[in-house]
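The structures considered in this document are given below.
Here chain A shows up in two complexes: once beside chain B, once beside chain C.
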Partner chain A sequence: MGNEAIARGALEAGVNVASGYPGTPSSEIIESLAIVAKARNLYVEWSTNEKVALEVAAAASFAGLRSLCAMKQNGVNVASDFLLHLASSGTRGGIVLVTCEDPGALSSVNEGDSRYFARMLEIPLLEPANFQEAKDLTRWAFELSEEIRNIVVLRSVTRMSHASGNVICGKLPVKFRKAHFVYDGSIMDPLRGPVISTPVVAKHTLQQEKLKRATAIFENSPFNTYSGPKKPELLLITSSACFLYSREAIGMLELQKRVGILKLCCTWPLPPKLLKKHLNSAGKIMIVEEVLPFLEENVKTLAAGMAGEIGIKKFYGKMDGTLPSVGELNPDIVAAALAKIVKVKYKTLSTAYTKELRKAAALIPARELTFCPGCPHRASFWSIHNAIALDGREGFVCGDIGCYAMGALFPATGYHTTPTLHSMGSGTGLASGFAKLAAFGFDKPILTVCGDSTFYHAVIPALINAQHNRADITFIVLDNSGTAMTGFQPHPGLTVSAMGEAVPSVDIAGICKAIGANVAISDPFDLEGTCKILNSFLADKGSLNVLIMRQICALSPEKKGKKIFDVQVNEALCLGESCGCNRLCTRIFRCPALTWDRSKKKAVVDEVICAGCGVCYSICPQKAIIRTEAKKK
Partner chain B sequence: MVSKAAKPSSQEILKKNVLNADLCTGCGACVNLCPYQVIYHDRTVQLHRCDLDDGKCRAFCPRWEIDLDLLRSSLCDSADLTTEIGAVKGYYLSRAADPKLREIAQHGGTVTALMELALTEGLIDSAVVSAGNQQREQSGFKAKDKTSLRENAGSKFVVSPTVAAFNQIAAENSGNIGVVATPCQALALAKMRLKPLQDDAGHIDKLKIVIGLFCGWTVSQEKFQALLLLNNIDPATITGMDIPAGKTALVIKTGSGEKIISFDHVESCIREACRYCLDSTAEFADVSVGSARFGNEWEEMRGWNQMIVRTARGSQLVDLALHRGILEVRKAPNGILKELKEAAAEKKRTALKNIIRKSGSAKNLLYLESSDPFVNKFLEKIKR
Partner chain C sequence: MKVRLSKDPMNVIITGVGGQGNVLASRVLAGMLVNSGYYVTIGETFGMSQRGGSVMSHLRISQKSIRSPQMPQGGADIIIALEPVEALRVLTKYGNPDVAVLSNSRVVYPIGVITGELNYPSLTEIQDILQKTTAKNWLIDATGEAVKLGNPVLSNIIMVGALSATGLLPIDRRSFEKEIARNMTADKRPINLLAFDTGAGLI
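Entry: the complex of A and B
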């Protein structure tokens, strides 16, 4: 896996400290390092958020150690304030920020492109284009960082991080570094002075000199490679997983003798001499990259500056619509675009095949993402919906990031409660704002949800804001005891660290009480009790009310496969579609373990996927769903 | 998903024409029949969407498609019918013979006495009455004996989803049922008695007696609670409420004395739906009972009820009560029935005016048929 290759690269570089915040597709990097933490004498932690993670990694660098910090694309936004200052203060031991990005937003609610941070904050950017490079480039990134005494960004994408390929491993270092932080030198001394971004102009100048040094190194980097004819008809410039797509597309169209590929691993700043050499070789240039036209802009800027020497080029890319400006690419998309430029025929699929495919596709039942069987969030949203409906003032929920985001992404899954969804912690901030609109005639009750991990990540400031500014909100923590969505990484609410060591847990209820909120705890599987508390909170004006809905994720290692109840449907009692029920369980509640037998016209429990939570027993108006305590295995 | 034809569901019909039109009486007829319709703080709430177009919720609603003519012909003796107060088989001034019952009763204790008799005679196994919590929020209560009946005697003035309790108890295996009902609740129960839906026939057959209450209006629990708070009255301390004859105020009796709230304030708490109600005497009950408050003779009459016997079932129960000496009756003062009819007619005219104001046309009477002969008589009077 690409992420394991990145972790291996860091190990080969002798990384000492690794930190991060879980986020698909980045999580396996820290997880892989955590496994070998003891064996390789590492300190590995899951930090409360990406900014803190970067600060933890930076401290190691200041003390002369090598450190890695991993996050998903939007994590860089969270870390960016510190990153700006870190980039100007400079670093000591090698430090690499790994950002794993999600073109097409396969597991995200954005397809942010954080390459621009490298340009904006003036730090070098590396992008591996295959699995071997994922390892090798990571290892080299530490050397580069120490060479220029600044942080280096390494960007991966889903198809790099989560795909697997062959990697030849190098040797692991045998010597371990000692931490040593010196700050008694001059303020301008990068190795002995205080680590600070002032005097700003002087340090900024120093930072730009470092970037020039990186550019010079990039000119001769073996990671930037060219393959193709000396004078190609079309020069294709690409990076990252797009290199794989481009190479495949050229192969599919058999254009190896007509089209050349310049694969760049060093994508910011671009090495001008290398670019000049290759731009000179062709009149037509195509730039293949995912999400924003970052590479395209930078190549064009360079080409404009060299126009006198290299002449005017014809560019193809995202900006002229040759390639889509959003979403993921694949070999087909690249091949189709390429075929147009070089005027060869290319058809992905035959018309007859496409026709048959369409026919078959129509038979696929419509399905949307939903909560797993036994998921506490389904029960939680059920009670939230009911409480809002009973309250009758058209209250709504500001959603947040976690599995429970599905409550907003798919309205029926959240029982039509949750109309907003943005970044981590933003639900509480938005709720805090909505609650202050009463003076403008907006008097709906405002609720917000967040998961336990999200609570620590970015919610606390917003919650304090709500309390201090008297925002009358009902704040709900969907506490499933883990960072469930990304694979149960530990968080500050738990008693085990990333490295498996015992750590003190930080109590969410205690924090909320300390800021002066009314706090209640409920089991979301107790629908009636939970709804009652919510209604009393909604009716209570003028205070910040917190309900912690606590129930472990159905997929958590301690719960998975262990049923609380065996659940069955008594067909004689099941009303099915008749008035009095009208398929409440399969039409509205919609746990995937409840299925509808069309011929019998009865609900059926799919025993294989039923997690045995027994919540459907509570919603059945006929008590036709029977639950009996499951035998302990 | 394949979208169903444009035919609106029962739930949508109720939402558009009853709930959103402020016609919902909160009687509870559409509640406890399914998981979709519930009552919360005297508001009918549609919890989730149901797409059935022939649901019970719509079938029993007293504010949707009311065919008064059909109800009269099915449930009453045509010879007994009056335009103002429905069927009158017998008319009495009555009170409970038991002075202890009279002490706790709102007026004469007739309702409680009749229900006690129905229970003790085994005519019914439980009586559904309105019972309030400390916040005076009402719900239907299943009384199985004299004690629990007496605990809940007295006028509540607050909307109660009594029919919801009937629906629930009827679905249980707990025998025959009597209901003490306001006019809207009695209308819903009458609609049920026509058995519009075959599969509920068994439940409805358990309904053996409906004792109707005279009713001018009810107040919304939430608004009334706010009004009490404004007047520094703790709802939990209230021991009784009354409207003295000829006075435009609500007297609230608490442990620490009486408080008087002017009608001007109470008016704003009246449930909007009550303004469109034509029935002040529970015309579709078996027996209807109310106060006997009349201007000149208030003091003399305050311990008595007016009682209208409407159906054969009602007649049987009242005859038995008289025979057993459970009820006392007296001669009605002159003109008292006329006065009742005039008051009832006035409510009908006011409600019709309000309905026409809402619908915008005398041809559209919302839940009522404009062709109904009885309604027409009052329509003509308004036009004049």
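Entry: the complex of A and C
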């Protein structure tokens, strides 16, 4: 896997410290390093959030060690305030920030492009274009960082991080570094002085000199490669997974002798001499990249400056609409664009066959995302929905980031509760703001949810804000005992670290109480008890109320595959459509394991899928759903 | 047992519903092929898409090089589906007249079908589409066999076993044994080997 290759590259570089915050598609980097932490003498941690993670990694660098910090694209936004200052103060031991991004938002609620941070904060950017490079480039990034004494960003994407391919491993170092932090030198001494970003203008000058040195190194980097004819009809300039799509597209159209590919791994700052050489070789240039036209802008800026020497070029890319400006690319999108420019046709399927496929497509039902069978969130949102309905004032939930974000997706539940969904912790901040709109005639009760890991990551400041500014909200922690969505990474509420060591847990209830909130704890599988607490909170004006709904994720290793109950539908009791409940079980509750028998017109449990949580037992007005203690296997 | 591939690259898609063991099946299959000396590129998505949604892994098997982790549309040589409607979903995008489809017959209903807003095609309709749009196809009750073995999640390995018996790829029982010896704890190997054999017996 690309992420494993990145981890291996770091190990081959002799990384000492690795930190990060879980986020798809980045999580496996820290996980892989954690597994070998003891054997390779590493310190690995899951930090509270990305900014803290980067600070932890930077401390190691200041002490002369090599460190890596991994996160997903929007994590860079969280870390960016520190990153601005770090880029200016400079670093010592090699430090690499790995950002794994998600074009097309396959596992995100944004498709942020953090390459711009490298340009904005004036630090080098590297992008591997295959799995071997994911390893080799990571290893080299540490050397580059030490060469210029500044942090280096390595950017991957889902189709690199979560794709897999053959990699040949290199040797692991046998010597380990010792930490040594010196700060008795002059303020301008990068290796012996205090590590700070002042005097700002002088340090900024130094930083720009470092970037120039990186540019010079990039000119001759073997990671930037060209393949194709000497004078191509069309030159593709590309990076990252787009290189693989481009190569595939050229192969599909059999254009190897007409079209060349300049694959760049060093994408900021662009090496001007290398670009000049290749821009000179062709009149038509197409830039293939995902999300924003970062590479395109930078190539065009260079080309404009060189126009006197290289002439005027015809550019194709996102800016002229040759390639889509949103979403991820694939070989077909690139091939279609290529075919248009060089005026070739590529083989398509016969119309008769395509017609059969279209007929088939019409019969295929959509498969929307949903909460897993046995998911505590389905039960939690059920109670939230009922409490809001009983309250009768059209209250709503400000959503947050985790699996429970699906509370904002209508098909996942048979009702609407959650009209807002933004970044981690934003639900509580938004709720805090909505609650202050009463003076403007807005008097709906405001609820907000967050997961246990999100609570530590970014919610605490917003919660303090709500309490201090008397924002009357009902704050719900959906505590499922882990960072479930990304694969159960530990967080500060648990008693085990990334490396498997015993650590003290930080109690969510205790923090909320210290802030001054009323705190209650419930089991979301107890629908009646949970709903009762929620309604008492909604009725209570003038205080910050916190309900912690505690139930372990159905997919967690300790729970997975273990049914609490065997669940069945008693056909004699199920009244089907004539019940008057509007099929509460199969239209509103929406568990994939509780299905509808169309011939019998009754609910039926799919025992293969059922996780045995037994919650549906509590929702049937006819008590037609029966649960019995599961037999131990 | 490195033999010449009938086509290079061979494009395989493994599809199913989140939670069915799609990712494990693609890793095991890729592992078997890598051990035999092939380049295998896998492209897959997980995370949000595993929450009850459709999941898909692309495997590109080559003797020459790694490939794009996404294959071209209409470019699948083999489709392995852990759920029948997912076989059709992939077929409509990646199918071609030469494609071979191996699908589990056990249905997992989408939420829209459970609520009654959407229809799920009948097994006859599914078979009819497969007959008209594929060169070869097999519809097997892998989940039913897995339940008999004591755990429905074994259906993914049953599918891998069945795939080996189709002869479409250079894999066999020995390469499976070798792969699980590398990647599975000893206590899990006998039941997985049994699942593999069960699958092979279904073809």
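Keep this in mind: the second predicted complex is superposed on the first by the 620 of 633 C-alpha atoms of A that agree within 3 Å, B and C clash if a C-alpha of one lies under 4 Å from a C-alpha of the other, contacts with A are read in each partner's own complex, and residues count from 1 in each chain.
Basically, contacts are C-beta pairs under 8 Å (C-beta built on N, C-alpha and C of every residue); 3 or more make two chains touch, one makes a residue touch a chain.
Keep in mind it's a predicted model, so treat the numbers as computed, not measured.
Once the two complexes are overlaid on the shared chain, A:Leu437 sits clear of chain B and of chain C alike. Look at A:Ala514: by the touch rule set out above, it reaches neither chain B nor chain C. In the superposition on chain A, contact is made by A:Pro331 with chain C only, not with chain B.
Legend: residue contacts after superposition of the two complexes on their common chain; A:Leu357 is shown touching chain C, with no touch to chain B. In the superposition on chain A, A:Thr486 contacts chain C only, with no contact to chain B.
Applying the stated contact rule after C-alpha superposition, one finds that A:Ala366 touches each of chain B and chain C. Once the two structures are overlaid, the count of chain A residues touched is higher for C than for its counterpart among chain B and chain C.
By the touch criterion defined above, A:Leu390 reaches chain B but does not reach chain C. Applying the stated contact rule after C-alpha superposition, one finds that A:Leu349 touches chain C and leaves chain B untouched.
Of the two partner chains placed by superposition, only chain C is touched by A:Ser164; chain B is not. Touched by chain B in one complex and by chain C in the other are residues 366 of chain A. Against chain A, in their complex, chain C makes its touches with residues 17-19, 27, 30, 34, 39-49, 51-54, 66-74, 85-86, 88-89, 91-92, 95-97, 106, 108-116, 118-121, 125, 129, 132-133, 143, 147, 151-153.
Residues of chain A that touch chain C in their complex: 24-25, 106-108, 130-131, 158-160, 162-166, 241, 244-245, 247-248, 252, 330-332, 335, 348-350, 353, 356-361, 363-372, 403, 406, 411-412, 414, 485-486, 555, 561, 583, 586-587, 590, 592, 594-596, 606, 608-609.
On the side of chain A, the complex with chain B involves touching residues 366, 385-386, 389-392, 415, 535, 577-582, 584, 588, 619, 621. The part of chain B that touches chain A in the complex is made up of residues 1, 33-36, 38, 40-41, 43, 45-52, 54-56, 197, 199.
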